[in-house]
Structures are given as C-alpha cells and as structure tokens.
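The structures come next, written out as structure tokens.
Next come two complexes, and both contain chain A; in the first it sits with chain B, in the second with chain C.
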Partner chain A sequence: MQVYILHRLFQALFVCLGISLITFFLLHVVGDPVLLLLPQAASDADVALLKEQLGLDRPLAAQYLSFLTDALRGDFGRSLFTQDSAFALILERLPATLELTLAGMLVGLGIAIPLGVISAVKRGALTDRLCTVGAVAGQAMPIFWLGIMLILVFAVKFRVLPASGRGTLWHLILPAVTLGAYLAPLTMRLTRSGMLDVLTQDYIRTARAKGVRERVVLFKHALRNAAIPIVTILGVQFGRLLGGAVVTETVFAWPGVASLAVKAIRTYDYPVVQGAVVFLALVVVLANLLADVAVTFLDPRIRLGREHG
Partner chain B sequence: MKRSRVLLVLALVWGLIGLDAGPAAGMPKGRVVVALATDTSTMDPHMHTERMGIIMNQHIFDTLLTRDTKTYQPIAHLAESVKSVNPTTWELKLRRGVKFHNGEPFTAESVKFSFDRVLNPEQKSPIRGSFTWAKSVDVVDDHTVRITTHKPYPLIHEILTFGNFAMVPPRYVKEKGDAYFAKNPVGTGPYRFVEWRKGERLTVEANEQYWKGAPAIKTIVFRIIPETATQIAELLSGGVDILRAVPPDQISVIGTSGVARVSATQILRVVFLQMDGDGRAGKTPLTDVRVRRAINHAVNVDEIIQKVLGGLAVRTPAGTNPMAFGFDPAIKPYAFDPDRARKLLTDAGFPNGFEITLNTYAGSVVNVEQVGQAVMGYLSRVGIKVRPRHFADVGQYLATFRGSKLDGITMHSWGYNSVFDSDAVYYIHFHAGEPYTYNTAKEMDQWLEEARATVDAKKRQELYSRFERFIVDQAYWVPMYAQFTIEAVSNKLNYEASGDEIMRVHAATWK
Partner chain C sequence: MGRLARLRFLAVGATIVLAAVLCAVMAPLLAPHDPYLPVVSARLIPPVWDAGGTWQYPLGTDPLGRDLLSRIIYGARVSISAGALAVVVAMTFGVLMGLLAGYYGGLVDSIIGNLVNVILAYPFLLLALAAIAALGPSFGNMIVVLGLTGWPVYTRVVRAETLKVREREFVQAARALGLGTARIIRAHVLPNLLNTIIVMASLEVARMIILESFLSFLGLGIQPPTPSWGGMLGEGRVYMLTHWWLAAFPGLAIFITTLGINLFGDGLRDVLDPHRVLTPAGVRAE
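Entry: the complex of A and B
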C-alpha cells in the first residue's frame, strides 16, 4: 500500500509539471499583463521598461525555467499586481475553497445517495421516474443560473439567507446547495445503477431469506458494495466540483482560490495563475488518490490483489 | 400620589432612553455597504492605477486639489491656492491645521515627499509618467511649496486632482516601509482605515477630526462582489446600499423595487469610431477622406443614443466631451444622410461598397454588442459589409491597438484619465508617434503641441477649435457620444453619482 501511494505521488509530480507547462505557454501566448499594470495612456517606453523590470522580455523558455527552479523551492513568484507571494495568496484563500467544496460534496451526497437508493428500490415506479427526470434536469441546468435563482428566491424574495459573501454558516448554505446540486445528478444515477446491480446478487437474496431487516440489507450490504464505483467516481468528481467552484465563488462573492484564479486569469497575473492551477491540480490528484485508497478499504479484493503484486 | 410618582419615574426613564437613543445630531452614525466588482491591488495610492483603488483611496487620503461636483472644475482642498509665479513655476499655499490619522502634521514636507516618491524611478510608481512635467519641488516654508516645471504645463490644476496623487505621511512611510503602508494606509481623509480583507472587503471608519468636518456616515464597508446580478440582489435584499455600473436593462427593476433608486449622470468617457486613415494597419478604403465622410453620414448616432442607450448618452460632435476644456459648441456633427453617403462612396470609386473590419472590445463601452450591431446595420445599408472582430480581452485589444494591427474601423472609448481637458483625448489619438494614433497630419501635431505648451486658456481654446474643425472635416473619427455612469443607491441615503466616476460615499448623508 505504501509503495502504491508513493508511486501515485510521484505520478502527481509529472501531472503538475505538465499542467504548469501548458498553463504557462497558454498564458504567455494569449495576453500581456504589462498593458493592464500601467495606465492606458502609458508610452511605449514605459511599457518596455516595465516589461524589462518584470523579466517578461526574456525568451519564454528562459522564463519557464526560472519559474520551475523557483517553484521547486516553493516560490511561485509574486503577484504582478499586489507584489504578494503567489503561494501565500493561494494558501490564504484555500480554506474558503475547501470549506465550500466539502460542504458542496456533503450536500451533493446527501441528496444523491438517498435518492439513488430509493430510485433503485422503487425501480420503474413513479418515484424512480421523477428521480431520473430530476437528475437529467439537474445535469442540464447551468450552475450559474441555479446560483442566481437561489439568491433571488431565498435572499431577495424571502430574505431568509444572505445573498453573498462568507462569514457565518448561513452564508455557506446557498453556495453549498448550488455546488451540491451540480454534483448530485451524476452521483444519484451511479448510486441507482450500482444498487440495481448489487440488489440482484445472491448474497442479497440470502440476507433477505435469513430475515435481515430491509434497512440493513440496503445500507449495510447493498450500498457498501455499490459504493465502490461511487467512491472512485467521487475522486474524478472532485475535479469537476473545483470547476463548479469557479462559477459558484464568482456568483456568491466567495473569497476562495477559484475566484482568485479567475481574477488572475483576467489580468494575466502569471505567477498567481500558475500557482493556483498547479495547486488545484495537486488537490485533484490527491483527492483521486484518497478515493483509490478508500476503495481498497471498501473492497478487500483490491487490497489483497495489490499486496500480492 | 403613588400614581404621580410612577408617572414621574416613567418620564425620567423615557427621557434617559431618549438621551441614549443614538448619536447626537451631527455625529457620524450607521453603516453603508458599497459593492465593487473588483478590489484594489494595494492601499498605497501611488502604486496602482485602478479606479476602484482611487474610489477607496479618496476616502482615506486627500489630494492637493479636488473637483467641484457641480462644475467639475478643480478647487482648493489640501492646497488652498495654486498660482503661477512664471510660466514654469507654480506656488502652492497649503491648508493649515491638517493632520494625518496618526497625528503627523500635513506640511510642505509631505507635499515634497509625495512628489519625490512618485517621481523616484526606484519607486516604480505606475503614475510616474503623469508627473514627469515636474522638474523640482521645493519647500519655501511649512505651508508653501514651489513646483518648477520643465516646460509650461497648463494641466497642473487637473493633475493635482488626480485620485492616485494623494498626500502621504513621510514619517510613517519611512518608518514602516512601503510594504506595511500598502496594507495599513494612513492619510488625512474623512475616513480612517480599519481593516482590509483582500478580495473581500475594506472597512473604514469616520475621522471625527476631519478638517472639513466629520462625515455623516460612521462606517463604510466596500464589499467585493464580482457578479453584477449578485450585486443587484444584495441591493434589493438590503445587504448593500450603493453599487455602480448598473446595466441599462436593470434600471426599471431597481427603480420599481421600492428600496433603491438609480442615479445616472454624464461622465468623461467618450465613444467613437476611429478609422485607420493613415493605413497604419494596412491600406483600406478608409485612407480616402470621401469614404470616411460617407461613413459619418451613414451612422445615425442620435438614433443609437435614443434606442440602444435609452437616451443615457450625450452627442459629441467633434469627439471631445462637452465637460472637457477645449470643447467647441459651434462645431456641428455630420448629418445622418445615407443618400449622401452612397454618393460619396461612388465618387471614391466604391459604387457597390466594400468589406471592412469593425473592431470592438468588452469592458468600457456600455451595450457594446448592441451598439456594434447598430453600426453594422447602418453601414450595410450604404453597401459597406462589416466583418465584426470582438476582443473579449482588454489586454489583447490594447496590445493589438498599440501594435499597429487594428485594421479597419474601431469602436474605441476613452476615459480621459479623469483629466477634464481635451489634451487628454486628442494628443494620444492624433499626435504622430503616440500609441493609439492611426491618423496624423503635421498641422495637428503643431496645434496639439502648442496647446500643451501654453497656460493661456483663450489661446488653447482657439487651438482646440481649429483642431476640431480639422478632424471633423477630415472625418478621421465618427464621433459618437459621451457615456453615462449608472449607479444604484438605497432610498435611505442622500447620494448621487458623479461625472468623474469617483464615488463620493464620504459625502453621503442619511435621509
């Protein structure tokens, strides 16, 4: 298991390297931050001088090499606009994004798993059909639109929740529900199909024949086995959740890494974009690793298979 | 007897409650929340050029001169007077008895320190380029400063109102250093800094010892809310009291809400179609003056103002804003006349029209897509087929513009850098060698340089009038309109939007 984890962490380094390379070249090809750092009326001489001062007049390969050697020492550079350490800026905002993402995941799972189980148990019934329609509608619904609708209903019309910002638990509700609703449809459908598969297995029939209570059959025996693909896909979904966080943090003025990255992209604040993208990539890789490790605890066959090579 | 005692006690209690009901009349009270779409990068006024930063800074800091909000003329502020001693020397008399929030006195040393700091190349201030006209700043006495300029500089009064050029405390900045000052600002302004949570909020509190008198509002919170729809939702739900940049289609929503109203006023930003008359980005039919005049006749600017902008814009016949010095009201725009346009195109050798690019960019022009589509429609009616090219990214747009790659017609806008003078729009768009110049002529250079080199207002106006007649005759632009700023404000407040787009929340009062 330890070898497996080390192997995956080593892979993660290469993933982050590849992402940093792509991000770096895309940013530099698309835009120039110097014109946004100076007044629009700045002379060409002022523009050239600032470019030189920031080292942006060097060849791209030289700039990337500088970034890489500094990054390996934990220095992602300084924001071109605020002069703050990019790493410090990201760390400052990371707890807010983690808080939102985990809350979104809890809400998403809280909606998806019970509905997926009910849907599977009542297969073909009206409940099942309503859940399926709901899942399809949920997947088709733009997250931006859902967030604004929730604000209009709960903050403007009924004034029971704050419209935006971060502060109390009340501020977390609407953004977490928005993000959770983004996660729930696919998870619900996976839960349903996993449960349908498991519920036809012999051991389920045996458990029922032995008189085990239906709740125990469903949640101890069936769901535990159906959870294996769900946990695996949650690792992948975490990346999707971070993508959803980009929109959610913007709509709800939530001060997280995703909204920091959006602002940095708009202003070509290279060090902050690089740092944020690499950091978020690392978080996704670690989430996938955690999911894989969790699966080995759920499914002993996988753990034993690895131990025996 | 017992009842009268009870009544007396009740009366006393009532009186005590009344005494303790809140701040006495004239004391700052309450909290106002202002929504802004972006944060500033630093609290140091000399180290950024962001409008949001200027809005926040001018609550904490003061400038030497400020702008009268009715006439928009520079008026006394920290400097009581700015007088010309000779064409290259100005004497400033400073207000007495002003202190920075940390108790440090505001004196001539503060002025010299602020100038020197901005002009110091090692400081790398992004506003340095706006102050290189200053040769030296000398302290005469504690409340008198002399500024010597390299050449006569007629815009000194305008530049001294510049929101970024705030007076900073020398002792505090030297002791604490730039990095600390950038996060813990100290100024002489109506509000003291309390807290800055970057990307989230800035909180300031009333300076009750402010030299102009304590402001009415005790606490102002500037909240960063990037999404316009969320800002409006917060306004309607009472979470926010003032916001700017209201989309025109939301005016009625806010106006009928019962909790807020819209405040709109003309601003300096002008919108115009710039044509590549020199062929800087490549030769096109636009190098022919008849074609440019035809395009001027083809576009119905008045209709765009009425139908697309709901009347919230003011026509600019020669491109410069009517609020700016140098505007000549005698100059008339081209009449909307599609038949004349077609005749001119035929005379120029294009009886069937031609194809041309129309460049637009996102950000500063309100309803840019709709205005762009209207322009395309008018041009197609006279046979000019437009290839739209929209820059979603301002940085890319500016790089293409400055890099001589913006061929065809460009819907451009200019904010004058908050300087109410036509030099701020014309020089950079018409003088040879300037980054945004796509139309040049020797006589234009001469007039622009002369207007910059004299402090004689009458002579300057004559020069600008001549210049404007020339550019209208040559039809280098299709001058369109000056935009409006549209802000929204809670019905609890007396506050109006300002034509220089600086939100003066410090001047707001409770209803």
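Entry: the complex of A and C
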C-alpha cells in the first residue's frame, strides 16, 4: 500500500511539474505579456524597459526556474495592477471557492445518489425513466445559462433570493444549486449503473434470503460496494467541479479564486493568472490523489492486491 | 430502458441535429431579418406573446433593434462549425497519439500517457482561457485551443482499444506477412476503432459547443457583431433584470442543440458500440 501511494505521489508530482510548464509556456512563449500590456504605439525602448522591470529579459529557462522556485515558496509574483501578492489574493479568495464547491458537491451528491439508488432499484419503472431523461437533459444543460435562468426566476421574477455576491446562506443557494446541477447527472448515472452491477451479486441475494431488511441491504451491502466507482469518479469529477466553479463564480459574481483567474485573464495580469491556474490545478491533482487513496480504504482488494503486485 | 425507447431518443436527437444544421446552412433563407441590421425604432421589443410584442419580431429584438430570431438562426453557424471543427482537430490529434501510444508502447506510451495525465488534471476551462488570453480571441484561435485541449479523451480510449486490437490474430498475421506499421495501423487497427471514435466524437461536439459558448459568453470567443449564441447570452446578461428574453433564448438554443447531439450520440452508441459502458476514461475534467 505504501508503495502504491508513493507511486501515485510521484505521478502527481510529475503532473504538477507538467502543469507549471504548460502554464508558463502559454503565458510567456505563446503570449507576450509585454506586448499585451503596453499600448500599440509603445517604442522599442519602452518595451525593453518594461521587460527589464518585469525580469522578462532573462532567458526563458531562467525565468521558468525562478517561477518554479518562487512558486514552491508560495510566491507567484505580484499583480501587475494592484501590486498585491498573487498568492495572498488567491488565499484571500480561497474560502469562497471552497464554500461554493463544497456546497455544490453536497447539492449534487444529495440529488444524485438517492436518485441513482432509486433508479437502480426501480429499474425500468416510470421513476427510473424520469430520472434517466432528467440526467440526459441535465448533461446537455449549459450551466451558465441555467444560472442565469435561476437568477431570472428566483431573483428577478419572485425576488426571493439574491442574484449575486456572497455573504449569507441565501447568497449561496443559487450558485450551489447551479453547480450541483452540473455535477448531478453524471454522478446519478454512475450511481445507478454501479448499483445495478452490485444488486445482481450473490451476496445481495444471500443477504435478502437471510431476511435482512431491504433498507439495510441497499445502504449497507449494496451502496458501500457501489461507492468504489463513485469515489473514483468524484476524484476525477473534482476537476469538472472546479471547471463548473469557474462558470458559476462568473455568472453569480462569486468572489472566488476562479473568478479571480477569469478577471486576471481578461486584463492579462499574468502573475495572478499563473498563480491561480497552477493553484487550482494543484487542488485537482490533490483531490485525485485523495480519491485514489480513499478507494484503497474502501476496497481492501486494491489495497492488498497492490501490496503483492 | 427498452431498445425501442432508445431508438426513439436517437430519432429525436437526429431530428434536432438536422434542424440545427439546416439553420446553419440555410440561415440567409430562414432568417426573417438581417441579423446585423440595427433598427433604431425597434429596440428591445419583447417576444410576441409578451405585452408590446409583434409577429414581425417573434422572439423580440436586442438593444440595437436587431431581430433575435434571425440572430439565433445565424448563431447556429458559429456554434455548429466551431463544435465540429474543434472536434475534428481534437480527434485527429488524439487518435493519432492514442494509436502511437497503444501500438508502440514503451517509452512512446509513457511520454504520451504522462502528457495525457497532465492535460486531464488541468482544469480544462482554465487551460482554454489561459491559452485564449495568450493568443487573443478569434474564431481560428478558439478552434485551435479547444482542439488542443480536448484531445486526451480520444487518446485514452484509442490507446486502450489499440492495445487490445494489437494482440488479435489478424494484426499479428499482418505483421508476420511483413506489412509496414503505418499500413497495419491504417488498414487493420483503425477500422476496428472507428465505431468507438465516431460515438465519442459525436458526444464531444456537444461539449465543444458548450465550451465555445462559454468562451464567447465571456467575450473571449467569437467577437461582436458576429452573432453567436454564447456572445448573445453574454450581452443579454447585462439586460437580464429588465429584458429577460435576451438571455433566455440564445441559451435555450444552446441547450436544445446539445441535448439533440447527446441523444443522437447516446443512440448511436447503442447501435454502433453496444458493449461500451460509461467508464472513468470517458469522464473528464473541464
């Protein structure tokens, strides 16, 4: 098991390095910060001066290395416009993003897992068909539009919920529902198919034959085993969740890291962009890693299999 | 769900996709008005069923007095072509990488595999946004960005399938007969992966359309005055509190189109590729 976790850690480190390299390459080689920052009429001398000021006149490899070593110390540079430390800006907005993603996940799982279980148990019945149709429609829904429609209905028409911003629990409802609706369809389909696989297993039949109550069979025997693919998917889905957070934060003017990144991308505030993007990518890598480790705890076969293998 | 019900889904999906493609191709014939022409006297007219609406502008007009229905019909051109082109770019690159990784294995496989892991861990939207910020917003750049960020899905699946096909007798026989690698891949490996690739690509078109719309929604994709569903939604959002139709209809167009594509793709999978189930490889970070 330690070997497996070490192997995954090493892999994750490699992925982090790759992410930092791609981000750096995009922002410094594909796009030239100086040309984007200065007005078109700027003279060559201006360009050279700004390059020197920003340290962009050094060789690319040296720039990347200092970006990497600084990043390891939590220093992503300073915002070009406010002169604030990019890392401080990110940390300041981190609680908002965490709040939103956790709430979105709760809503998403709260909808998806019960519906997935019901759908599998009542396979072929009207409930199952309605759930499937709902999931198909949900997967096609552009969530930025869903968010706007929710604002139109609940904030503009009925005036029961705030349209944007963060503060009270009321502010959290619409963004969390939007993000949850993004996460739910796929999770529901996976829960359903996971449960369907498990429900045909012999140990479920045995449990039922022993006279174990149906609720216990479903939630203790079946769901626990169906949870393995669900947890794996949740790890993978965490990336989707953050992608969804980018959209949700933008639509609801939610003051999180993702909306910070989007704003910085628009103004080409590259220290903030690379800080936020690398930071969010690291969170995804970490989530995937945790999901993999969590699965080994849920499924002793993986844990023991890896030790021998 | 019964096979008949699924076939019905396929038919509904195909009808929607066909309608959207027709809108795109025949936009000049179908649109009742010029989508670019501002009419000062017809600004912000509500849809026909709202008070003040008129049949002349069934879905209302925007702040410049342009007909919303005509702009939505023309917007199909952007979304459909962007979705299809982005998928072609991603598919070509992704399939090629998958074939290389699966067929050669070893070092090639581990380099490509690691690259795939990196791209998949990267929040897709942020990667696309950063790339657009670096390249500047334009239709061509958007296609390149969506294509180059969307390829790993194909690579994963094609690699796994290639690994399986590689060991089959007919490929080994071809190799024993002395056929070149390129020929074996083209004539024996690729045809066996075609169904899987077609199904994936058809579903990916929907995802690419949503991503294109979101980029245009943020003002980083298609630039005004070209009508695009995402761009219109972005403009409409500003007027959301007073003129709901500006944001509602372009989004509805996106939703119906992607729903059609998904129904079509799911149905296609049942017909072409009945054994494939939803696996983690098909799920991907955005």
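Just so we're on the same page, the second predicted complex is superposed on the first by the 267 of 309 C-alpha atoms of A that agree within 3 Å, B and C clash if a C-alpha of one lies under 4 Å from a C-alpha of the other, contacts with A are read in each partner's own complex, and residues count from 1 in each chain.
Here, contacts are C-beta pairs under 8 Å (C-beta built on N, C-alpha and C of every residue); 3 or more make two chains touch, one makes a residue touch a chain.
Since this is a predicted model, take the numbers as computed values, not measurements.
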Which superposed partner A:G165 touches (first chain B, second chain C, both, neither): first
Chain B versus chain C as contact partner of A:L152, first or second or both or neither: both
Chain B versus chain C as contact partner of A:P142, first or second or both or neither: second
Which superposed partner A:F252 touches (first chain B, second chain C, both, neither): first
Dominant contact partner of chain A by residue count, chain C or chain B: C
Touching partner for A:F81 - first (chain B), second (chain C), both, neither: first
First (chain B), second (chain C), both or neither touched by A:T232: second
A:R93 touches, of chain B and chain C: first, second, both or neither? first
Partner chain in contact with A:A41 - chain B first, chain C second, else both or neither: first
Contacts of A:G104 with chain B and chain C, given as first, second, both or neither: neither
Footprint overlap on chain A, comparing chain B with chain C: 30-31, 148, 151-152, 156, 163, 250-251, 262, 266, 268
Chain A-touching residues of chain C, taken from the complex the two chains share: 1-2, 5, 9, 114-115, 117-127, 129-136, 206, 210, 213-214, 217-220, 233, 237, 240-241, 244, 247-248, 251-252, 254-255, 258-259, 261-263, 266, 277-278, 280, 283-286
Contact footprint of chain A on chain B as seen in their complex: 38, 41-42, 48-49, 124, 126-127, 129-130, 179, 182, 197-200, 223-227, 229-230, 233-234, 236-239, 393-396, 398-399, 402, 414-415, 417, 424, 428, 435
Footprint of chain B on chain A - complex, ascending: 30-33, 35-44, 46-47, 50, 53, 79, 81-84, 89, 92-93, 148, 151-152, 155-156, 159, 162-166, 250-253, 255, 259-260, 262-263, 266-268
Residues of chain A that touch chain C when the two form their complex: 11, 14-15, 18-19, 22-23, 26-27, 30-31, 124, 128-129, 132, 136-137, 139-142, 144-145, 148-149, 151-152, 156, 163, 186, 189-190, 193, 229, 232-233, 236-240, 242-244, 246-247, 250-251, 258, 261-262, 265-266, 268, 273, 276-277, 280-281, 284-285, 288
